[in-house]
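Below are structures written as structure tokens.
In the two complexes that follow, chain A is the common piece, with chain B as its partner first and chain C second.
Showing the complex of A and B:
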């Protein structure tokens, strides 16, 4: 709703101001297509999700009355706790691993470039290629790697080295880490690119000053590099957290949420509720839960952002 | 240990780290390629035939000869290109306005556009599916294209704004002194100058459209209209272990176009992306 008001304000503002300046452009016509698309495809659907959450609607029928019972029933479903825990483990470990690995690769690549080492471009490009692979294809590729048949790309290496095979996808205690591994493979390049750009933007004078003061490599990292990267790391964490929370194509084609519910994250659960069980209202409540989690996390991260860069 | 030795040790460690990272990122795709080039018998020989003894292109021929796959690829190309063009039409004027005009609430608008991306496509697909069904836009490429546009437009607007920011304002002013109005200055001066930004925004949304799964999976049920993302998922569901080499070939066929498009414009795309992310 606030968006509609804002658009009316934006349309009026130039008209009021026109008497003052001789050339005050009208903003509204330039923004109109964007406003229409966002309003039609985001604002109205989100509004509708809230409406549906207070109804008892299925994909096929809707009795039109409003009730709180769907909300209560959904939030007290016995499996929801398990789903949220799975989502938390998957998102948390993916985000931490992507951030750390992305930063490590960026640091090594930047160091390698300054030392003229061979292969920095190859490493960077390889990671980026994994990032371009569509989610569904990524899931299928990793399913082949994790396969326990002779053509499984990981177990056949283990066998070659004489190690016992691992039940990557069928052991409920291991499967989560397999899914995280495949997600880290596909997602790390984004963090790497952001960290690389942020590293390149650090003023070299800071390192010269640190060198004059006799700082060791570790001190340079802790006292110069990391503080300088702080806001880039936070922005990156916000972006990859949201991406990971919304990930579901890579999981649906890798495990389908199984075995049992071991890898059924909230987005996949919502999908199943709406499009397999046709329960629209419950799906709407779960959608709101997803929105609330993204928003809450974004706010938590934003608190840690330095004041001047908010 | 003196400084030079320490640097040399650092180099060795860097090389080891880079090798491990390379292996991690390259192995899945190399393995996929290896499987796709094998005959059915060699598939079951595991890593010892990483380089197949009798490499064959038969798997690819089989996949590309079926009308089904050509259709999937064509649909994906059509959907992602049309939506990328539509996305530019929607985003370019807005990006120009955000770059050049001063108006009340501009910062808030920019943040609103960015935060729209937080909304999972799944959330909006729940009601959109109902509308689309009600007005008969399911099973049409038009309906799917519109949703693709909506999903890509926030990012593309930010990228284009960044690229237009890099063009000096004096050029618009000069054009307007020479008799252009805002719109003709935008079309004749700004558009030609922001070609690199437009190209990278275009490719980013094409790659995004190519990887779409959720939207076409829900909106399109006719096989003849299905794009590759959904096609490969359904194909994978019908395959078993004895035809894994065919699945590998099909998977490679679906992945390679995105990779090629990305590699061709890598420099441009990375520049456009990081400009947005680092500035916040």
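Showing the complex of A and C:
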């Protein structure tokens, strides 16, 4: 079968080469609708954001003139440093935790499947349910759990166990970890799915060879599994980093960014600037900042991708 | 026909007939349209749940009747209903953007606290030709001022208002506290009886600012000057502002209020605490009285009452007043007139009555029996020291900054004066850009 395919491919190759030599490259007409849609719904808004960033436009007024003052004023705002730090802690913690937990669950599920254990489907489905829950709803669920009233979810359990209640949302030093926890709960399923697919794609022969060499479970993980997962881990981290940077729905319904600015991430700050302060230009500058951070991080991850898989 | 097939046919027929029956029951309200589908004129109306799509079926039916009667009186018209989501701030911002690009609905519910923004943007049509002077004169002064533009024309009809009061469990706190000191003492006394203490909004939520502002307004403090520029961080105003913030801080630090108030951003949390019997004192809205009535057993509800918000002294009292308006963005005069008719015939009075929402016209408190009862009379009395949010476009950002400041102060992460100064500086910067 493979011989037949190979010979067919060899026969076609010169014909394609001849055809390519005689015809000039041209824009395929079937791509035009796609280019039009992308241009209209993706590129134009991006262009508009860049245009607004160099204006002083609010929802109330726009004199139409261009200026650098918005850019300078926005990037020198005193609260921006704290917002970026909160964003860094939230994104970094969420990404690391989601990646580790997603990998751990995927390893457990794959291992369970290979041993024919009962419950692997239940584990996968349970994790996916959290992912399907919309961000706002997730925030509300966790708000009920973290409620510090005497009848609040988690504190009631702690009280039953004789433990003192925790100020999940009112303590500025704890609230960030409460928000990260709720985000990890929701986002882990995505990492699990990616890791699960990548684990399934590893050639079993590698494990057989490792077993023949007498490798321990830890050695199989470090020298076989993780190197084989490298690309998947990096791609997953790019995706969940961008996803987490853009997260604000779960935070707005859980803490609204408070107390104070303790959980106000860049995306929520941008939302507040546009929809509370009606400042389109500052919102545009902040959006570009988010874009730059996402692209920068994606490039950093891409550097570590195996060269042949880029 | 087999029994199974007959059953299926019956179920299918019932499924088809049910919506038709509902439509007939609701008369001319079908889907999102009120009135005959082939009516020559259409008015688009963007509304909150104060309408035929109210979550309470009984209220929805009452609104349905009001809308049906209205459209029956205006032959040749139909109304296309558009619903707003619960995120009012975002909805209003979007509507303002649509209005500026000429795509807003003909008629809409505009929150009274963002009305100044719409007026400043010049997107509202004058309602002056459609309301008599006697009607306008009956509006409470803060309402009349709120709807009137710089040219003396009125640009919306503000039909309902609300206010903040101090709710208490009479069994635990016998007398309504009149001053801040009395409030602290009463709250601490309730803590000794196993309660959480006084509850109030302190999270990132408009209610946090608005409920607290009564303390500042009671002292005579002002947020903005006549030009709409923030002035709360200067001179006497700053001293009053710091004093009112320190009052809230002291409530938390003394244990009179739980630290969790810094996370509360929803009036429903107070109802929940009252129902759970964990609080005996909270700052809430007048509408919560009927909610408490529905949530509590009659004997429990009988324990609850309310009093005006306390002040720094007995004589320094105020309360925040909000509410909803109806305004028009229509491009033609006949649609503006129809929107004004809708405001008058549905919302000005009838809607107040069916929803028990406080009217903005003084004469309605005697016209409608429901507003003549002792409770609503007491609310009406408290309205005398009512104060609306300032009609300045920078107010939403001032509110945002006060919410941030309150979070820092209540959690003790920043000194009161430093947090106030930060909020003031940020509000000024926002004002410069508007």
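By definition in this document, the second predicted complex is superposed on the first by the 277 of 310 C-alpha atoms of A that agree within 3 Å, B and C clash if a C-alpha of one lies under 4 Å from a C-alpha of the other, contacts with A are read in each partner's own complex, and residues count from 1 in each chain.
In this text, a contact is a pair of C-beta atoms (placed from the backbone, for glycine too) under 8 Å apart; a residue touches a chain by one contact, two chains touch by 3 or more.
Please read all numbers here as calculations on a predicted model, not as lab measurements.
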- Item | Joint occupancy of chain A by chain B and chain C, clash or fit | clash
- Looking at the overlay, does A:113 come into contact with chain B only (first), chain C only (second), both, or neither? neither
- Message: Per the contact definition in the header, classify A:278: touching chain B only (first), chain C only (second), both, or neither.
- Response: second
- For A:149, decide between first (touching chain B), second (touching chain C), both and neither. both
- Query: Is A:172 touching the first partner chain B, the second partner chain C, both, or neither of them?
  - Reply: second
- Query: With both structures placed on chain A, which of the two partners, chain B or chain C, ends up touching more residues of chain A?
  - Reply: B
- Based on the superposed arrangement, let me know which partner A:159 touches: chain B (first), chain C (second), both, or neither? first
- Query: If the two structures are placed on top of each other, which part of chain B overlaps chain C: 167-175, 221-229 or 257-265?
  - Reply: 221-229
- Task: Mind sorting out which residues of chain A both chain B and chain C touch, each in its own complex?
- Result: 59, 147, 149-151, 274-275
- Query: Considering the complex alone, what residue numbers of chain B touch chain A?
  - Reply: 7, 10-11, 14-15, 17-18, 21-22, 24-29, 31-32, 35, 43-48, 89-91, 93-94, 96-97, 100-101, 103-105, 108-109, 112-113, 115-124, 126-130, 146-147, 149-151, 153-154, 157, 176, 182, 207, 210-211, 213-214, 218, 229-230, 232-233, 236, 241, 244, 247-248, 251, 254-255, 258-259, 262-263, 266, 270, 273-274, 277-278, 280
- Note on the structure: Per the touch rule, the chain A residues reaching chain B in their complex are 3, 6, 9-10, 13-14, 23, 25, 27, 29-31, 33-34, 37-38, 40-42, 44-46, 48-49, 52, 59, 104-105, 108-109, 111-112, 115, 117, 119-120, 122-123, 125-130, 132-137, 140-145, 147, 149-153, 156-157, 159-160, 185, 193-194, 196-198, 201, 217, 231-232, 235-236, 239, 242, 245-246, 248-249, 252-253, 267, 270-271, 274-275, 280, 283-284, 287, 290-291, 294-295, 298, 309
- Task: State the interface residues of chain C toward chain A in the complex, per the touch definition above.
- Result: 89-90, 93, 96-97, 100, 117, 120-121, 196, 202-205, 258-263, 265, 269, 272-273, 276, 278, 393, 396-397, 399-400, 403-405, 407-408, 410-411, 413-414, 422, 426, 429-430, 433-434
- Note on the structure: Given the complex, residues on chain A that touch chain C span 56, 58-61, 73, 78-79, 147-151, 167, 169-172, 255-262, 272, 274-279, 282
